[in-house]
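Structures for review follow.
Look for chain A in each of the two complexes below; its partner is chain B in the first and chain C in the second.
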Partner chain A sequence: MSEESRDSKQQDLRIGVFICDCGSNIAGHLDCSAVTEYAASLPGVAFAKENLYTCSESGVVEIKKAIQEHDLNRVIVASCSPRTHQPLFASSCAEAGLNPYLFEMVNIRDQCSWVHMQETDKATEKAKELIRMAVAKCALLEPQQDIESSLDRRAVVIGGGVAGMSAAEAMAGMGMEVVLVEKEPRLGGLLRNLNRIGPEGTPAAERVKELVRSVQEKENITLHLESEVTSVGGYIGNYQLTIQPVSGQAVQETAGCIVVATGAVPWTPSSGEYGYGEASVITQMELEQRLADESFTPPDRVVILQCAGARCEERPYCSRICCLTGVKNALLLKEMSPETEVHILYRDMQMYGTGKESMLWEARGKGIAFHVYHPDQGLQVQSDRIAFHDSLRGEDREIPFDLAVLSTPLVARDNARQISQMMRVPTDQNDFFLEAHAKLRPLDFAADGIFVCGSARYPATVEEARSQGMGTAARIGTILFKEKLISSAIVAEIDPESCVGCLGCIQVCPYQAITYDPQQGVCRVNEILCKGCGNCASSCPSHSIQLRGYKPDQLFSQIRALAEA
Partner chain B sequence: MLDVGRHPNIELLAYSEVENLEGEAGDFTATIRKKARYVDEDKCTGCGECTQKCPTTVEDAFNEGLATRKAIYSWFAQGIPSTHTIDPDHCRQLQGKKCGVCQKTCKAEAINFEQTDQFLERKVGAVIVATGYTVFDPSRIPEYRYRDLPNVVTAMEFERMLSASGPTAGHLERPSDRAVKNEIGDLEKQLNKARKTLDKYEKDRGMDSAEVHGRFTRGELAEEEELTKWAQKYEDYQAINSRLESLKARAEEFEDARKLAFIQCVGSRDLRFYPFCSGYCCMHSIKEAIIAHEHEPSTQSTIFGMDIRAVGKGFEEYKLRGQSNANITCRRARVAEIDSGKRDNPVVVYEDTLQQKVKREEFDLVVLATACAPHNGIRELSGTLGLELDQYGFLKTQASHPLDSTKAGVFVCGCTNSPMDIPESVAQASSAAARTVQILTGLDKADSRQAVEEAS
Partner chain C sequence: MSEEFSPNIIAFACNWCAYAAADLAGVSRFQYPPNLRIIRVMCSGQVNPNFILKSLEEGADGVLVAG
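Presenting the complex of A and B:
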């Protein structure tokens, strides 16, 4: 039977209700047979069935068969969480010719059997009420069509450091068109300023060369050097960007997805802080540059101070890469000049993983001295000596030096907030870009179609930045390799007749999906950007906004059904 | 998991192992052993009825041996696929004894004792190895007395204890106390049985057990074989009862663990075992201490570590929050040994390096942050796939191509590569996917080969 013919039978309501035992997860704590019997008695219900597992292959087949045999035009499954199972049941309905938006799910497990385990009677009653509410709402459900939109199969990568180049190179290698934007005249990012890469000690210049070559030899990468992205409009699948070169005309580019790989910068102390400003006190980054210079000879006594400007009130975070860098350079100094005395003052030695920890063993073996200090106990850097409280010896000490090296953290770029506003993506309290989920979606932004990698997200080693960059390529592949973009029809709609253009909805929309149309004086919803959260609908003072699938009459019918008892 | 299970482009072969890999990047043939479950995957609905009826109880590996499962089981409740499996080492029927209860119970007729391992061949362009790691066995460190002291547990065991659906329903019931409670349960059953035997005697003979026993002790029953047996049964009953009463009295004083010690670097940063840092254990100890405190606000935790490596986005801030809000103290020390104290309390012996003092401190429960060791099976798998291992026993990759193994077209991600936390693993998994696409589209074959050449 065709979809139209099923949907048109709205006046003749035929609801199928499937009650799931979930093994004993539900049936163990409430009377599923009684609930099924009750569901069958409700108005409009043409069929009710209890299954051991509705989500099993046989359970799903049963739903499809029932739609056909009992001519159902609404389906309710009372089982577990829609978060996990709604897509399965809705798509099964669609396979049987029923519009998937005419499916409704009731959670009688997480919100019923599991939380009322010792109260079988009450849990059974609650399950009945939940189903009665769903049946009432079901009658008012409307068929919807998924929203389809086109995809621009190109990606823009902002930032040409390790992460950005890795992303661009990987996407090009996957057959995608890539636009790479770098504000400096050359690719390479922070890696250009480094001497060698730990733990293996590969010369950074070689790695830069290798990466740049891999980018340049790809025909499907368009390079914009000495350029910055100055505006971003549109949404997933259809972004429009303005790329402004230092000199010359701005270029307009379109893209389906964007990678933010803008990196981070080493923090520089202001004059006087940690003795900075004295000729004998430099930052770790400055040491990198000296080490890269062949004429450099290590002095007799070097002190390296870790956490200079990190793990403090202004920058509470650990910058992840500085311990590795400090030990790497200490080893290099020792290698160049075995007589040089090298001291490392630290709080916790962050040599996580395999290779880094072995560097620490090596450094100890080579006579590099490690001292634990406390930042609040008498730490003072002068032009030729450092005073601190040696926590392990329990005494105040002074170590004279010819050169002091401050391991300063990587900090977010000055314009990180500006970029975040332009891209409409969030930053964290340290101005690093904030991913969608710290654990499970480290490379995604909450906004669809925009991804983050490398030190723009949080300080990363060269290897980590490379992995992350390549990772964003696969994330983008999952979008741009599809024929078209399909998104849910459960979005907000604004009635232009009653909308007064108060802009209240724009304030509450977390997805920037609403814009103001000054010509008509009304607000408009971008259906692709809208995630159907309902913030706007619940706050609209003129009741002009409705959320599809959750319209007032649908919700009120549920509330009335609950009160009926 | 559900997404993987449902994805139209993913064929999920759980309970299977790759036995052979031939060919080259872009054109591999993998031979896969699909192990016999003795349950028909197409028929099993995962209802779990069989597990309720199965008479054989087995230690539950998913719950780190803190609970039991049946010989027919699913690895854990939400596992994908939900198909159950018969454990051939413990199933009575498969061990040649008479049973078949599950077969009779299964409405879907899914049980098939005749099932054998199947060998499948799959043509693939690339391979991703994501076999994870093995948790270090702390019994290898004699001074921590993991097997010997009941209240010294691994972090993984502690995770199961913290889980609301775990063996202790989220309460920090101490293993020593659980053992006593289990014994009480057993004794109650024995007592019941013994009581029934006495009841039967009393009913049959119309006499009181105590009275018969009195005559026995006075030596009046020398000739009465049956009554002597009765009197002995009565003695058994009393012995069980007195043991039970004393255990019950002890159990009344049991309290959930409130004072916790977390010991870092158990097996890692230790030249006797693994020289490397596992990277994530400092954070999971902090997390476990915070969750324990959320569950019971009077919980106090001490984390003993050489460095607290809170190296990750938001990690340092999380550690500071734990210290200020969740009664966590970080103690700079490498624990020397764990001793036994009163009430089964483990005693941690350590040098507080910031005070230069050797100290002993008693705790309710000690949690060992065990190392992330290369997977037990990785040596064999590396042989099968033709891959090299690095000096630590993980699969070898190289910094410039962090996902590429030593064989073109085979990629490595997560803790198979080296110890790493969840976000790094997830990022690596995505990049392994990107590398794979490059092989499958045929666009990057040369690059990958070149990478391997450079590595070797």
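Presenting the complex of A and C:
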């Protein structure tokens, strides 16, 4: 039977109810047979059956078979949580020719049998009531079609550092069209300023050359150097961006997804702060550049000060990579000149990762001296000596030096906030971009189709920036290699007949999914941007907005069914 | 004394947090009285004042909006 003909039988309600035992998870704490018998007696129910495991292969086959044999036009499964199992059962209904939006689920395990384990009778009654509510709502469900939209199979990457280049390289390798936008005249980002990378000590210059060559060789990467993205519009699958070069005409580009890889910059102390400005006091980044210069010879005494300008009131966060860098460069200095006395002043060492932890032990073994200092007790850097309070010894000390190196943190770029406003993505209190979820969606923004990688998100090592960049490429691949963008039909709909265009919905929509149509004087929902929260529906003064699948009549029917006891 | 009063409570629970929390209570086998009926909504912001009034009108003793 075709889907249309099955859905059109609105008047002749034929509901199938499947009660799951879930082994003994449900059947062990309430009377599933009594619940099944009760379900069969409810108005509109044409078929009711108890299964041992409804989600098993045989359970699902049974649903499909019953839809065919009993000509069902609604299906209810009373089992576990719709949060985990609704997609499975709804798609099974679709496979049997029933519109998946005519499926309803009742939670009689997580929210019934498991929480009333000693009260079989009451739990059985509650399960019956919950099913009665679902049957009532089910009668009012309407068939819906998933929302399909086209996908522009191109991606724009903002930022041509390691993270951005890695993302672009990986996406181009997958066969995607990529547009790479870099503010500077050359690709490479911060990597250009570095000397050697990581415990292996790969020369940064070689790495940059290799990556840049790989990016430039790819025919499907369009490069925009000395350019910035100045406007972003649209939504996942169909973004429009304006790219403005330093000189010349702005270029319009379209993309299905966007990667933000704008990086970060090392903080530079103002003159006099931590002795900065003295010829003998430099930042860690400046040391990297000196080390890269072959004519550099280490002086006799070097002091490296960790957490310079970090973990303080203005910048309360740990920049993560400075401990690794400090120790790496201390080892390099020692290697170049074993006679050089190297001191590292630190607050806490964060050498995360096995390869890096061993660098710390190597450094100690090579005679690099480590001292714990207190940031608030007499820390003073002069042109030839550093005074500090040694927390382990409990005494004030002074160490003379020929060169002091300040390990300063990476800070967000000045324009991070501007970019965040333009893209409508959030930043944290330190202006680093904020991912959708630190553990579950570390490279995604909450806004669909926009991703973040590298130090724009948080200070990252070269390897981390690279793997994050490739990670965003993989995330974008999962979206852009599909035929179409398919999203749930459970979104808000506005009745243009009764909408008075008061704009109230636009103000409460957290997703900017509603726009005003001045020609018709009504508000309209962009179904792809709408996430189906229904905030607009509850606040619409003329009740012109309804959330599909959760319309007032549908919820009222549930409430009424509850009162029928 | 007659039987102890047990209120009928209707909860409107947000799919993404409160409803998930109620699932978690089950997974953790927390026990609570069986006089609560949860209606799943996609956001607590979806709950129209009419839903609450309707619940009370139809005999609920208490309404919980959780999200």
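Throughout what follows, the second predicted complex is superposed on the first by the 556 of 565 C-alpha atoms of A that agree within 3 Å, B and C clash if a C-alpha of one lies under 4 Å from a C-alpha of the other, contacts with A are read in each partner's own complex, and residues count from 1 in each chain.
Please note the rule applied: a residue touches a chain if its C-beta (ideal position, glycine included) is under 8 Å from a C-beta of that chain, and two chains touch if they have at least 3 such contacts.
The structure presented is a predicted model; accordingly, all values stated were derived computationally and were not measured.
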Practice task
Kindly say whether there is room for both chain B and chain C on chain A in the superposition, answering fit or clash.
Solution key: fit
Handout entry: Partner chain in contact with A:G175 - chain B first, chain C second, else both or neither
Key = first
Exercise for the section: For A:G394, select first, second, both or neither according to whether it touches chain B, chain C, the two together, or no partner. Expected result: first
Fill in the blank from the handout: Across chain A, the partner (chain B or chain C) reaching more residues is B
Practice task
Go through the superposed model and pick first if A:E210 touches only chain B, second if only chain C, both, or neither.
Solution key: first
Handout entry: Contacts of A:Y352 with chain B and chain C, given as first, second, both or neither
Key = first
Practice task
With the two complexes superposed on chain A, say which partner A:V115 touches: chain B (first), chain C (second), both, or neither.
Solution key: second
Exercise for the section: Using the touch definition from the top, say if A:K126 reaches chain B (first), chain C (second), both or neither. Expected result: second
Exercise for the section: Examine A:R560 and indicate which partner it touches, taking first as chain B and second as chain C; both and neither are also allowed. Expected result: second
Fill in the blank from the handout: After fitting on chain A, the minimum C-alpha spacing between chain B and chain C in angstrom comes out at 5
Practice task
Enumerate the contact residues on chain A facing chain B in the complex.
Solution key: 21, 23-24, 52-53, 56-59, 84-85, 87-88, 170-171, 173-175, 197, 200, 202, 207, 210, 214, 311, 316-318, 320, 348-358, 361, 372, 391-394, 428, 432, 438-443, 453, 457-458, 462-464, 466-475, 477
Practice task
Spell out the residues on chain C that touch chain A in their complex, using ranges where they run on.
Solution key: 8, 10, 15, 19-20, 22-23, 25-27, 29-32, 34, 37-43, 45-51, 54-55, 58-60
Problem - Touching residues (chain side chain A, partner chain C) in the complex - result: 81-83, 107, 109-112, 114-119, 122-123, 125-126, 129-130, 133, 490, 508, 532-535, 537-538, 547, 550, 552, 555-556, 558-560, 562-563
Fill in the blank from the handout: chain B contacts chain A in the complex at 2, 6, 42, 45-49, 52, 82, 107-108, 269, 275-277, 279, 307-317, 320, 332, 353-356, 390, 392, 394, 399-400, 402-403, 418-420, 422-424, 426-435, 437-438, 441, 443-444, 447
